[in-house]
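The first chain written gets the first letter, and so on, giving A, B and C; residue counts start at 1 in each chain.
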Amino acid sequence: MVDVHSISTHCTRTEFVGIAVLDTIGLVISGIDETLLEKMNIGKKYRALGLLSSRTGAAGQLTAMDDALKATNTELLSFDLPRDTKGWGGHGNYIVIGGQDVSDVRHAIEVALELTNRNAGEVYISESGHLEFAYSANAGEVLVKAFGAKPGQAFGFFAGSPAAIGLVMSDHAMKAADVEIISYMTPSIGTSHSNEVILAISGDASAVKAAVLEARQVGLELLIAMGTYPEIPGTPYL
Amino acid sequence: MVDVHSISTHCTRTEFVGIAVLDTIGLVISGIDETLLEKMNIGKKYRALGLLSSRTGAAGQLTAMDDALKATNTELLSFDLPRDTKGWGGHGNYIVIGGQDVSDVRHAIEVALELTNRNAGEVYISESGHLEFAYSANAGEVLVKAFGAKPGQAFGFFAGSPAAIGLVMSDHAMKAADVEIISYMTPSIGTSHSNEVILAISGDASAVKAAVLEARQVGLELLIAMGTYPEIPGTPYL
Amino acid sequence: MVDVHSISTHCTRTEFVGIAVLDTIGLVISGIDETLLEKMNIGKKYRALGLLSSRTGAAGQLTAMDDALKATNTELLSFDLPRDTKGWGGHGNYIVIGGQDVSDVRHAIEVALELTNRNAGEVYISESGHLEFAYSANAGEVLVKAFGAKPGQAFGFFAGSPAAIGLVMSDHAMKAADVEIISYMTPSIGTSHSNEVILAISGDASAVKAAVLEARQVGLELLIAMGTYPEIPGTPYL
């Protein structure tokens, strides 16, 4: 019989890179099994894979990975948005990257874990719902593939739950600045049935940032109006 | 850096109408942004929108909105059923209505919030699962669009979770009274992968009510047989 | 007004068979309503139905039902995998079987409940995620239909959440033994948006068992590396 307490919390597996807030784990596989790789349907270019996977959060981790890919010679192979958030109304994430060099892939995951901790400063979780915000001055490959961001342009993201809060945030953001909608998602469209309205926007950096900040102010006011103050699993940075 | 505690729980935004049980928020937008409206794919007839959105419950809020629309000059534009219930096995809801007159829309949302509190009396949540019941003597536009109810006829609804409880409730209800099935839903069919069997029924008012009451009795007996008594976020009214 | 506390936890309904861990209920319907049976779309061969339904777990209960069907003259009619696990990142289950003889169906459900308790010994739930394992030396009808198992051959199953853990488990299992992948699932493929990578495997009994045990060791090390030890709702038996 297995005795789980004989296993240390200090993992020595070569695959283990580290953990971050929001139940995030970072892993690498240096030479993935060929049969499994085929089933994964991510091409056969790389056998060194990097994995970032969280119970809570999507935009923060995707933005973290976007920056991590810029800093390394790695490529996005797939991303999934499970319906999770540990009982809350949003997504988790499962991101797979590949590279020729396992140390490069490992470095990308290290960077992504560090930035996940940073980006978690813009996740707000109350008893009633949650808000998530993301911003990048310079969208890379991950944000292009995940949200239709325009390469090299500023990217903004916000999600509100219960969903109606997200729509009012969206309306304010669109009126606050001259930005373009690149993704619009609801419980039925583009999400995994999460209880969110989500908007991703593109445009001039200062306009995108102004829109995200306006969405944040409105979202916080409405979420707090539901009766409790949100907890923040990091330090707000926007 | 944003200080969330500088924001009051007494929201003064013009969009904020109020809250209700089951983490429900009611909002209005008096002149929605045109670009956003286009993305919403709900037509361009109205720029005054009303929003009702909850973490938990679907039939209660849809029935509340059904009554709210009868009392006002407003129209159902969309409804979504996120997979939510704050860690339980059911749905939340996100309902959008429209009207020419923002005060009419606001009034509809006020009525819907009040009736959401009332209808929550037929939601039963135990440690193991949940039950939800709804009844209308006179189905309107919302119940027609959401569940295929027959306009002006009596409408009944019940959901049981874990799903098997819902099927036994359905069997008893169908044998108890001469009613017609208008919606049958399971984790794979018609739900957002919720852990429920759901039946919506139509027919003579007394038959529909008898069927719902029989479903409730059976459902409560089976849910309680799982070991704990349910909590009720309101006062049972059926 | 209904008084829920007037209802006993000792259910005397003829439909009630019993309960098991993981919020599992077992039920039988001796003569299902004809109209309801038609909506269920499971054929009209049987009017005696057996139901097994849980908030948490899928492979354990499907494997339990697989054994239960071998011991009785009953047949699998449908199975659903709701997105549930009471706030965790996996599935619940809702399984419907049929038989000519209601006592046979009842016996199948009794066996399935008992084996559900046993199989729950291979479910590991921590603060951060969960793991599930299943093994059968001799796959029957249920495992064939649910996971593409080969009739009469050994069957192995494992799921890891957050999803990335499941992929590393899969990689190790495939390298540990000569087995064949029969199902590969991710949050986007084959699941109800659960936060898992799942592998089901077939092959020689000792190879399948070795692969499952390797997956368990790796999965436990990675899950525990996230900071907390898992709870086990039974006694590990593999």
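As a convention for this text, a contact is a pair of C-beta atoms (placed from the backbone, for glycine too) under 8 Å apart; a residue touches a chain by one contact, two chains touch by 3 or more.
Just so you know, these numbers come straight off a predicted model, no measurement behind them.
Asker: From chain A, how many touching-chain steps at minimum until you land on chain C?
Answerer: The distance in steps between these two chains is 1.
Asker: Same or different: at the chain B/chain C interface, is the fraction of residue numbers used by both copies above or below half?
Answerer: Counting which numbers both chains contribute, under half are shared, so the two copies meet through different residues.
Asker: Measuring from the mean C-alpha position of chain B to the mean C-alpha position of chain C, what distance in angstrom results?
Answerer: 30
Asker: Do you know which chain B residues sit against two or more other chains?
Answerer: 83, 86-87, 192-193, in rising order.
Asker: Touching chain B in the complex: which residues of chain C?
Answerer: For chain C paired with chain B, touching residues are 1-2, 4-5, 7-11, 13, 15-16, 19, 23-27, 29, 32-33, 35-36, 39-40, 49, 51-55, 80-84, 86-87, 92, 94, 96, 192-193.
Asker: Okay, in this complex, where on chain A does chain B touch?
Answerer: Within the complex, chain A contacts chain B at residues 83, 86-89, 124, 127-129, 161-165, 167-168, 170-171, 174-175, 181, 184, 186-188, 191-197, 199, 216-218, 220-222, 224-227, 229-230, 232, 235-238.
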